[in-house]
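Written below as structure tokens is the structure these notes are about.
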């Protein structure tokens, strides 16, 4: 526990910053962030919770993450999105050292296990002569999304805040959206034990929310369209831009867990992106750092910008270990 | 010459007695398979049922464990099922080609073949619909297509057009069959009660009155016209499932006509195979003559050449440019991992048949049957080559995935399901031919100059014998 | 040679350390007697410029010296804007505000002016709200208008009309054909009854 502290220092700094700013919500976020850590001291108080597969289990209250508030977002609201917002991401490839903390944090946040990755880090090399670099690849939440175009049942949709989400209670599993996405951002749940089922302790459902779970279509339990804590077998899922966090003014886990501040997130309508420590004007950042969007010529108009890997913070080092070697 | 060639003897030169014998003969030949089943026939049906059951069992396993029992993963997210779907849609087009295009252009040779073509179309399109359900991750939610359907999605277009084509094809099979069913109703009195009831029900009280003939022929003309745009759209929409994406290799404006051309070629080969098998098994040599095979051979040469033309456009024009990701894909097809399959399909399924069938000897029943087999098998693999290699050549490199995600080789479950579906198509065709005459009696006789009124009452004729 | 270098380096280090300790004591001492500073904001606007003037006061009047930082409140934190300016002898720090920064939907901007860790006055901050924001360009075209990528209710009108037209034409023909079958059946019955 103690020796973990130095590692977390960027976030702590961020928390301090948040507290200083007087943002009560940010403080709350900090507490929740702390609860999310693996090494939580037990309180000794036992609480009965129901897991996703309907089993009643007893766990220490310290392990419960209260997602109930965010689950109050109905399906209808989830389809409309947050008014006045236009979420956007900027990925500074000069800062990426392939630490893969974004991948791990995302998997933890959304209850996925390797090899299921909603955010990927890829080794790119544009030509033989040019230097390789690491490219972080989430879903691009395109403004001209090829995926929502082809969905036969409106299961994946574009919202007014720019985010593309999936209703995995409606998806029929035709995988046309996966074929249509030129970036392979989408993943499929190939079997009923695919990905991690809801683990007791990380995202258990409080027992008192069982009643609302039954009201299918209106209020879900923890697993809502916006939280996407658990994808359903035979359906498609993908990066959801952590829009449930954004609704509360909190940054996605991939952003806050990056030790190098590679990923910036923000609202394009405010013209601001931040990685938790540095806050920039989006337009200035793109202008001054020659920001670009991947495969612009496809016309998909991604909401994710890249800053080219020039004047890098780290020299390129190849990954010595292959990842996700087994299913 | 060929278009208006009359078959058999000059009907008008015959005496009344000879005319009656002639009519009786074709009826006897057409109904023989309905009266008797050989041991080979039984074994064939049993084998098909067995393969179909195995496919059903494999599908049960897939339903139980999810699609992870297939070899499909996030990169090759479409595989054998979708290729097979495209194949079925492709061969279903031949119903429109043979029964409609040849009919409308007065190629009289269509007459004994039309029913074979139509039953192939109907059974293939039925299984196309089924195999697409097999591919779905959540078949239990299929009704979402109707409750939440989005008209913007090519899948919804496909659902609409497949349903429409199926209904129209069934009508195209059924309407010209009415006199045939009536004949079965009147003649096959030894059949069990349920079967006689089925004939009675399906014959719609067909008596062969002038009015009935008139309504039927008019309906056939309408379907002939209706089915051509439907057939072209069903396969064009299927091509759009791929062409509406941004993937290198599918992102092609050539895809619609390319698919339609390939469909006519594959479907014609299927009809040749079915003709050969029925001719042998049901002893139809007198009605499915060598002339028919000769004609189908010439048609197949023409269709191979058309298909080759579209292949050149589809592969060689991009290959001239070798652009980025598409260049890598083409390299992989021409000289890489998929090269043996690619060249095998192009040579044995398209180039060689087109050359061989230029010789009259190759258009004899047995050689053309074997060539057609090659064409159909190659056509099946061609669909696989259209689907899978492209999925494995995305814009972004495939990294950090288990080894089996970066390749695709179908599992036994996928093969069993696809095998089951192929068996299912053949089973429907076989069973159909055991209940209904597989050659259209009236259409064949009409071509010989017989007045339809003479066909009026087969029952009395039968009794008079 | 190298040893001499090391020695002088060490001496220099020691000197710096002593200075640092001394300075630290000064700061600590200052903090004890920290005076409370307050910031008031005034907004000056011409046709082309927007300037925020922060006036720093303490109990003893206007204060010169402290550096004023200006931030704009945003969803995920504070965006620093303008330059950091020290208050002049009139206690005024004039910070130029960007003219193109989007505000909320009414064009309002929430500002925070701060003095951060000043040796004499410690921390101080004040908030303000001013209609200085450029109106955000709500780029919702893709979402609100009918398009191929929109939901089913927002399908392009031409697509809906054309597809319905095609379906109606084709299916009415199919129903007409089915009606012909009914006619055939009727025909069979009439003949049976008349003969």
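As written, the chain order gives the labels A, B and C, with residue 1 at the start of each chain.
To be clear about the criterion, a contact is a pair of C-beta atoms (placed from the backbone, for glycine too) under 8 Å apart; a residue touches a chain by one contact, two chains touch by 3 or more.
This structure is a prediction, so every number in the text was calculated from the model and none was measured.
Colleague: Looking at mean CA positions, which chain is nearest the middle of everything shown?
Modeller: Most central by this criterion: A.
Colleague: Which chain pair is joined by more contacting C-beta pairs, B-C or A-B?
Modeller: Higher C-beta contact count between the two pairs: A-B.
Colleague: Farthest chain from chain A, going by the mean of C-alpha atoms per chain?
Modeller: Chain centre farthest from chain A's centre: B.
Colleague: What whole-Å value do you get for the distance between chain A and chain C if each is reduced to the mean of its CA atoms?
Modeller: Spacing between the chain centres: roughly 20 Å.
Colleague: Using mean C-alpha positions as chain centres, tell me how far chain A is from chain B in Å, no decimals.
Modeller: Those two chain centres are 47 Å apart.
Colleague: So what's the Cα centroid distance for chain B and chain C, whole Å?
Modeller: 60
Colleague: Going by the touch rule set out above, which residues of chain B reach two or more other chains?
Modeller: 148-150, 152 - these are the residues of chain B that touch more than one other chain.
Colleague: List, in ascending order, every residue of chain C touching at least 2 other chains.
Modeller: Chain C, residues with two or more chain partners: 148-152.
Colleague: Got the chain A residues that touch at least 2 other chains?
Modeller: 146, 149, 154
Colleague: Could you pull out which chain C residues touch chain B in their complex?
Modeller: Residues 148-152, 155-156, 159-160, 163, 167, 170-171, 173-174, 176-178, 180-181, 183-185, 187-189, 191-192.
Colleague: Mind pulling up the chain A residues that touch chain C in the complex?
Modeller: 17-18, 21, 23, 26, 79, 81, 84-86, 143-146, 148-149, 154, 157-160, 162, 246, 249-251, 265-272, 274, 276, 279-281, 301
Colleague: In the complex of these two chains, what residues of chain B are touching chain A?
Modeller: Touching chain A from chain B are residues 65-70, 72-75, 77-78, 135-139, 141-142, 144-145, 148-150, 152-156, 159, 241-242, 244-247, 391, 394-397, 399-405.
Colleague: Under the stated contact criterion, what part of chain A meets chain B in this complex?
Modeller: Touching chain B from chain A are residues 115, 117, 120-124, 137, 146, 149-155, 170-176, 178-180, 182-184, 186-192, 194, 232-236, 295, 298, 300, 322-327.
Colleague: Which positions of chain B touch chain C when the two form their complex?
Modeller: 148-152, 157, 160, 164, 167-168, 171, 175, 178, 204-207, 209, 211-212, 215-216, 218-219, 222-223, 226, 230
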